[in-house]
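After this come two complexes, each holding chain A, first together with chain B and then together with chain C.
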Partner chain A sequence: MKRFIADNGSIIVLLALCAYYSVVTLGEQHPNTPAAGQEVAAAILKDSSEQVTVVVITRDTVQDRAYSEAVRAAIETGGGTVLAVVNGAPTDARLALEQVGGAFSRVDAIATNHSASGWGPLKPQKLKTTADKFPGISGIKVFKPQSYTWPSFLTRENLVNVINQNAVIAIIAIGMTLVIITAGIDLSVGSLLALCGVTTAVAIQQMAGGADAGTIGLLGACLIGTGVCTLCGIFNGVMVTWFRVPAFVVTLAMMMVARGLALIVAVQYQSALLGGGTEGTPEAVRIEAAAFGWLGNGATFGIPNPILLMLALYVLAHITMTKTSVGRYIYAVGGNPEAARLSGVPVFGVLILVYAICGAMAGLAGIVDASRFEGGRPNAGEMYELQVIAAVVVGGTSLAGGEGRIFGTLVGAMIIAVIQNGLNMAGVASYEQKCVFGGLILAAVLLDRFKRK
Partner chain B sequence: MRGVDKSFPGVHALKNVDLDVEAGDVLALLGENGAGKSTLIKVLGGAHRPDSGVIEIDGRPMEIITPQDSQRAGIGIIYQEFNLIPAMTVRENIFLGQEPGRVSIVPAGKERRRARELFDRIGVALDPDALVRDLTVAQQQIVEIAKALSLDSRIIVMDEPSAALSPREVEGLFRIVDELKSQGIGIVYVSHRLDEIFAICDHVTVLRDGTYVDSKPIGELTRDTLIELMVGRKLADEFPNRAVAKPVATDDNEVRSGLTVSNLVGGPKVRDISFNVRRGEIVALTGLVGAGRTEAARLIFGADKREAGTITLDGKELSIKSPRDAIASGICMLTEDRKGQGLILNRSVLENFGLPNLSRFTVRGLIQQKRERDAFQAYVEQLQIKVSGPKQRAGNLSGGNQQKVVLAKWLERDAEVIIFDEPTRGIDVGAKFEIYLLMRHLVEQGKAILMISSELPEVLGMADRIIVLHEGRVTGEIEDVKLATQESIMDLAVK
Partner chain C sequence: MLTRSSRWMIAMSMLGLLFVTGCTPKDEESSGTGSGGAASKSDGGTAAVESRGTIGFSALTLKNPFFKIIADSMTEAGKTNGFEVLVNDAERDVNEQSKHIDNYIAQGVAAIVLNPADRIAIGPAIRKANEAGIPVFTCDLQCAAEDAKVDGHIGTDNYQGGRLAGDAMIEALGDAGGEVLVLHFKQANSCVLRVQGFTEVLAEHNKDRESGNITIVSELEGGGLTDEGFKSTSDALQAHQNLRGIFAINDPSALGAWTALKQAKKTDQVTIIGFDGQLDGKRAILEGKIYADPIQFPKQMGVVSVQNIVKYLDGEDYEKVELIPTAIYKKADAEKDPDLQKTPTPAPAPGEVSLIQTFKSPG
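Showing the complex of A and B:
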C-alpha cells in the first residue's frame, strides 16, 4: 500500500485535485449541445398532438447555432413546422415574435436555451403584452433544456479544454523528460517553438503557395520547421558532448539565438511584404492556407487534434523508453555515463539524439501553436521552458538524472493544467497564480525527497 | 554498542549486534559482504539511525542521531570514500567546520601549526598547504586521520583503509595505527585482508548476515578458524586447482593465439607495453600501484585513447576506438571501481545485466523482457547472486553480489578475452573463491583472461603467467609461476 502510494503519488495528487475542484465548482448546469436541442424538440413534439409550430431563439454563437440547428432538424423530422430561427440579440427575438404573431394564427412553442430564456421579450408577462397585439402567439409556451446540478469543472467541455490548452506544453515536456533523465537541461525549447512556427509559416507562404498550398506543400513546410529545430537540438547535443559545455549554458545561448532568429525572420518577412523599403515589425507571419488550421483547431472523433497528437507522442515515447535499447541507454547514460560507456553504450550518440528529440518536440509544438493561431508568432512560447521543466519535475523525474517516467510527465503537466484551470475558475489573478506555481514546484521536489528517504 | 538493530525496506541489516572497543585496542570488525559491517559503521557515525540498541562511551549512554552527535561523542569515521574537498588545502580540510567564528578571519598560521602537530602525533610529514587533489590516496587517508584527531576523537573507525594502498603504503598505515594505539585511541579496523588483521589487531569481532557471531582475542585464532567464523563453514582452499595440463598446441594454434598487445602507448602512464594472453590461460598483470596496469587495460578496452600500438585477437588486428568497439570484437573488462564504472547504481540489476546484451533480446526493435529476465535468472542461479528480484536496484547489493552482476553481464556477452581488474577487491572470502572458480572455468572453455591484482597471494594463486610492469613498461615476465615468489615479483616491480 505504502509502495503503491509512493509509486503513483502524482496520479493520486491529480485525482485529489480533480475531486477537490469538482466539489468546489458544483452548481447548476445548463446544457446547450445539439443533443440537448433534440431533447427539447422531443418535448415540444410530445406536448402538442397536432402539427406543431415553433420559433427557435438563441444567441448568435457557434454553440447556440449548432443547438438551434439541431432543434430545427428534429422538429421537422418529427412533422412539426419551424416558423423562424433567430440567432441574435433580444431585439431580434422581439421582432421575430411580433412578425410570427402577426403572420400566423397559431404559434405553439418557443425553443430556446438557458441564456436566451432570460431575455426580456421571452419573459411571461412581456409575452402576454405582445400577445395582446399579435394574437397568433397567445398560446405560446417556452421550452428550454432541463438544467441539473453538476460540477462545472467536471464537464467534458471543460476537461477537453484544459487538456487542449496544455497539449503544447505536454508535447515539449516529452523531449525535456528525456533530456532531464540524462541529467541535462534544455532551456531553448520555448524559443525553438517560436522559430519553428515562424519558419513553417514563411515556408507555407513563400514556398508552398500561401492560400493555395496543398497537403504535400503544408507537410513539407512543417518538415522544414521541425527540421530547423532538430538541427538546433543536434547543435546543443554536440556542444554538450564533444565540446563539454554545460547543457545549461549551451541551451541558454540557444534560447537567445533562436528567439533572435525567429524575430529576424518575422521582421524581414513583414518588410518584404511591404515592398522591402521599410523596416518590418515583429508581428506574426499570417498563414493563409485554411487547411493548416486543421491540426490546431480541428477535431477527430470529437477530440481536438492537438490532444490526439499529444497522446500518440506519449505512447510512442513510453514504448521507446521502456521497450527499446535506446530507452535503456538513455536511463543508463543518466544514471552513470562512465559505467554506461564501459558497457558499450554510445554515450555521445545517445546524448545528441536526446537533444535532437527535444528540439524536434519543441518544433512539433511550434507547428501546433502556429496552426492554432493561423500564423507563426515570433514571440510565442516565452517562458515555456520553465513551465515544461516544472511539468517534468512535478511528474517525478529527478534532475539528478537516471530516473523518471514518461507518463509521470504527462500527469505532471496535467496537475499544473488542472491547478491553473481551478485557479482561473476561482477567479485568482495571474500574478497570484505565479506564486502558487512556485510553491507547487517546490512542494513536488520536497515530496520526491521524502519519498526517497 | 549493545543490541543494535536496523532494518531497511526488505532487509533486516543488523540483528541485535554488540561491539566493544577498548582504549588503546585495535578491534578488527570482520564479516562477509552484506554481513552488516558498513551498516554498523554508519550507525556509529550517525549516518543511519538504529531502530533499537544503545551506544555507550566510558559507560555513558550516547544518543547518536546525526554525524555531529557522533563527532561530539569522540568517534571519528574514515569511510572508504573520503569526505575531502579536492580543491581545498590539507589544512583547510582538516579544520573545515571548526573555524572559530562565522565572520572572523581564519587563523592560518595557528591552523598550520596545529596541522603539523597532528602530523607529528602520527609520525608523518605532510605539507599543510598542499591541495588535497594533488595527494595520493594514502596521503588523503592521513588527512582524514588528522581530521579525526583534530576533533579529539577517542575512537577511530577505518573502513577498508588498505583497499586502495600499495604494500609500502599499507606499512605506513600500520605505523600510524600503532602510534594511535599507543596514545590510547581505540580503533575499529575493517578489512578483508586477513594478513593485516593478524599483523595489527588485538581483538576480532565477526558478523554474519547481520548477526553478531563472536568476539575473540586474536591470539586464540588462526587463519582457518577465522575464515570459518566468517563464512560459517570450513573452506578447503583459498584458490581452486589449476588445470592439470595447459591447453596443448593444436593445428589451429595460430588462429587461436588469443590476445596480443604490441607496443601499447597512451597517456602519461603507459610508455611501451607488449605481451600476449593465450586462450586457456590466466595472465596476471602486476606491479606497484601507478605502474600503468589499469591504464594499459583501459587502452586495450578502448576506454582511453590509444596513441600507438596494435591489438590483435587470434591473429586478426582489431580497430578499437571505444569500449563499444572492444565489446563488439569480443573483449570485455570488469573494472576495479564497480560502483563508479561497473554498474549504474540507481537502475535495476536486470537493466545493468542487459546493457551490453540488448541486441540479443531485441526483436524488431523491442526488448523481449521475458527472454532477458530468463537469461538473467539463469545467472542468478549459476552464480548464486543474492537479489530480491530482477528489479532490485544495483546500488542496494553488497560488493560481492555487485561483482557477480557485473560478471553475469559479461558472461552473457560470451566474450573471448576477459579483463579482470582487481576481481576480488572488497569481496569476502567465500565469494572470492566462487569468483576464482569461475575464472578457472572460463579458461578451461578456451577464454583468455587478463587479471590485474595488487594482492600478490592472489597473483601467485591464480595466474598461469605473470607480467610485471614498472613505470609503464614491461620489466619482466615469469613463465613458470611455481618458481615465482612475492620477493621475485617485487624485485621486478621496483626495477
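Showing the complex of A and C:
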C-alpha cells in the first residue's frame, strides 16, 4: 500500500485535485443543443392550446444557430408559427421585438437560451415597457431550456482547454526531463521557443511565400526554426561536455543570447517592412499563411492538434526511454557518469544528444506557439523555463539525476495546469497563485526526499 | 529534540496548510458558472440587484497599480449592476491571456474585458470569443488585429495627454527655454502617442521664436521603469550639462529620473513632467519632485467598461470607442487631493462618475 502511494503519488494528487475542483465548481449548467431546443418547443406547444406564435432569439454563434433552427423546425411541425428568428446581439433582439409587437396582434412566446435570456430586452420589466408601445407582445412569455447541476470544471470543453493550454509547456518538459535525468538543467528553453517562433515566421514570410505558402514551404520553414534551436541545444551540450562549463551557466548564457537574437530578428524584420528607415518595434512577426494556423488552432477528430502532437511526442519519448539503448544510456549517465563511461556508454554523445533534443522540443513548442498566435513573438516563453522545471520536478524526476519517468512529467504538467485552471476559474488573484505554486514545488521535492529515505 | 519523522510531519503539514488556504475559493465565488436565476418567467421587479452573470477581466498586469485600480473599480461597478467580476492576471503574457479567454468561454461568461497584452497576437483568442457569441471589450490598450471583433473600447486620450505635458513644460521653463530630455517607452503605442503630442506642442511653441526655444536634445529608453529611468537620466546628465527639463512617459520612470537628479545635485535645475497620476506620482508632485502629471482615470475605465456591458446586453446604444482626456495635476491639486490624506483605499469620489458624462458631449 505504502509502496503504491509512493509510486503513484502524483497521479493520486492529480485525481484528488480534479475531485476537489469538481465539488467546488458544482453549479448550474445550461444546455444549448438542438435536443434542448426541441424540448423548449414542446414546452411552448404544450403551454398554449391554439395556434401558437413564437419569436426565437439567440446569439449569433454556430451552436446557437443550430439550437434556434431546432426550435423553429419543432414549432412548425407542431402546428405553430415562427414569426421571426433572431441570431444576433441584444440590439437586434430589441428591434425584432418592437417590430413583431407592432406588426402582429398576438405574440405568445419567446424561445431563447440561457445566454440570451440575460439580455435586457428579454427581462420581464423591459418587456412590459416595450409592450406599452407595441401591444402585440403584451402577453408574451419567455421559454428557455431547463438547467441542470454539474461541475463546470468537469465539462469536456474545460478539460480539453486545460490540456490544450498547457500542451506547449508539456512538450518542452519532455526535453527538460531528459536533461534533468542526466543531472543537468536547461534554462534556455523559453528563449529558444521565442527564437524558433520568430525564425519560422520570418522564413514563412520571406522564403515560403507568405500568404501563398504551400505545405512544403511551411514544413521547410518549421524545419529551419527547429533546426536553429537544435543547433543551440547542441552548442549547450558541447559546452557542457568538452568545455566542462556547468549546465546552469551555459544555458543561462544561451537564455540571454537566444532572447536577444529573437528580438533582433523581429526588430530588423519590422524595420525592413517599414522600408529600413526607422528602427522597428519588438512586435510579433505576423504569419500571413492561413494554413499555418492549423497546428495551433485546428483540431482532428474533435481533439485540438497541440494535444495530439503532445501525446504523440510523449509516447515516442516513453518508448525511447524504456525500450531502447539510448534511453538506458541516458539513465546510466545520470545515475553515475563515471560508471557509465567505464561500461562503454558514450557519455559525451549522450549528453549532447539530450541537450539537442531539449532544444528541438523547445523549437517544436515555439512552432505551436507561433501557429496559435499567427505570428512569431520575440517576447514569447518568458519564464517558461521555470514552469517547465516545476512540471518535471512535480512529476517526480529527481534533480540529482538518474531517476524520472516521462509520463510522470506529463502528470506533473497537468497537476500545475489543473491547479491554475481551478484557481483562475475561482478568481483567486495571481498573488496567491504564486504562493500556491511555490508551495507545490517544495512539497513535490520534499515528497521525493521522503521516498528516498 | 525532534525526531526525523516528526520533522517531516511538520514540514508537510505546513505546506498542506499553505496549499489549502491558497486553493480555497472565496465564499461568494464558490459557484464556477456564476450564474444566478436570470429571467424568471414571473414578473420580477424586486429591489435587490438581479444577477446578470459573470464578467471575465483579464488584466495586463496586476503588479502595476494602474490595472489593479481598473480591476477593483470594475469589480465594484459590476457588483452594483448584478455582475460577478472574475479578475485574472495575464502578467503581460498574451499566451496567459488567451488561456483566460478560453476559460471564460468554457465558463460561459456574459462578457469579457481585457487589456490586450499584444495588440496583434491577441487576435485569435478574441476571434474564439466572437465565435462563442461573447462580447469583448478592451480597456486602456486597444486591439489592432484584423477580423477580431471588439464590441467596445475605453481608454485614455494619450495624444491629448502628451500635449498637456508639453504645455506644462512650456509653463515650467518659461521664456528662458532650454534643453529637454524625453524618457520614452517605444514598445507601447500609448507612449508613442504621448511623445508625439508633447513634441508637437513644443514645435508650435518654438515656431516664431528667436530665443528661448525648448529643444528636445535626447530621447532615451526609460522602459517605463524606475531603475531604467534612473540609468538613462544619469547618462543624459553627463552628455547634457545644461538640461532643464525631463518628460517621462510614466510615473515610475519619472521617479527614476528624480533619483538621478538628486545624485547629480541638479533637482533645482531640471523640471520633471510625468504621466499617469499613480499614487506614488501624486505624492512626488506633492513633495515637489515632479512638477506636473497629465493624469489618467483608471477608475472610470473600470466603471465605463461595466456601463458599456450593461448597455450592450440591454440592446442600447453606446460609444464604441471612447477616449477619456487626461487632466493636468500639479502641486496645488495634490494639496487638495483626498487620496493623499493617508486614506489607503478611498471610496470613489462622487465627482468622478459625473466627469464621464461631461466627457461624452463632444461627439
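Following the convention adopted for this analysis, the second predicted complex is superposed on the first by the 360 of 453 C-alpha atoms of A that agree within 3 Å, B and C clash if a C-alpha of one lies under 4 Å from a C-alpha of the other, contacts with A are read in each partner's own complex, and residues count from 1 in each chain.
As a working rule, contacts are C-beta pairs under 8 Å (C-beta built on N, C-alpha and C of every residue); 3 or more make two chains touch, one makes a residue touch a chain.
Just so it is clear, the model here is predicted, and its values are computed rather than measured.
> Will chain C clash with chain B on chain A after the two structures are superposed, or do they fit?
fit
> Could you look at A:342 and tell me whether it touches chain B, chain C, both or neither (first, second, both, neither)?
After superposing on A, A:342 lies in contact with chain B but is clear of chain C.
> If you stack the two complexes on chain A, which partner ends up touching A:332: first (chain B), second (chain C), both, or neither?
Touch status of A:332: first partner only.
> Is A:446 touching the first partner chain B, the second partner chain C, both, or neither of them?
second
> Contact-wise, after the overlay, does A:94 reach chain B, chain C, both or neither (first, second, both, neither)?
It touches chain C, and chain B stays clear.
> With both structures placed on chain A, which of the two partners, chain B or chain C, ends up touching more residues of chain A?
Between chain B and chain C, C touches the greater number of residues in chain A.
> Would you sort A:105 into first (chain B), second (chain C), both or neither based on which partner it touches?
After superposing on A, A:105 lies clear of both chain B and chain C.
> Considering only C-alpha atoms, give the closest distance between chain B and chain C in the superposition, rounded to the nearest Å.
Superposition on chain A places chain B and chain C at a least C-alpha distance of 8 Å.
> Inside the complex, what are the residues of chain A that reach chain B?
It comes out as residues 319, 323-325, 328-329, 331-332, 335-336, 338-346, 402-403.
> Which residues, counting only chain A, touch chain C once they are in their complex?
Going by the criterion above, the answer is residues 20, 24-30, 59-62, 64, 89-95, 114-115, 117-126, 128, 141-144, 151-153, 155, 157-158, 161, 164-165, 168, 281-284, 286, 293, 296-297, 369, 372-375, 377, 379-380, 382, 419, 421-433, 435-436, 439-440, 442-443, 446, 450.
> Okay, in this complex, where on chain B does chain A touch?
These residues of chain B touch chain A: 301, 303, 322-324, 327-328, 333, 335, 340-347, 351-352, 354-356, 358-359, 362, 365-367, 369, 409.
> Taking the complex as given, what residues does chain C use to touch chain A?
Contacts found on chain C: 8, 11-12, 15-16, 18-19, 22-23, 25-26, 29-35, 38-45, 50, 52-53, 62, 86-89, 91, 93-95, 98-100, 102-103, 105-108, 110, 118-121, 123-124, 131-133, 135, 186-187, 310, 312-317.
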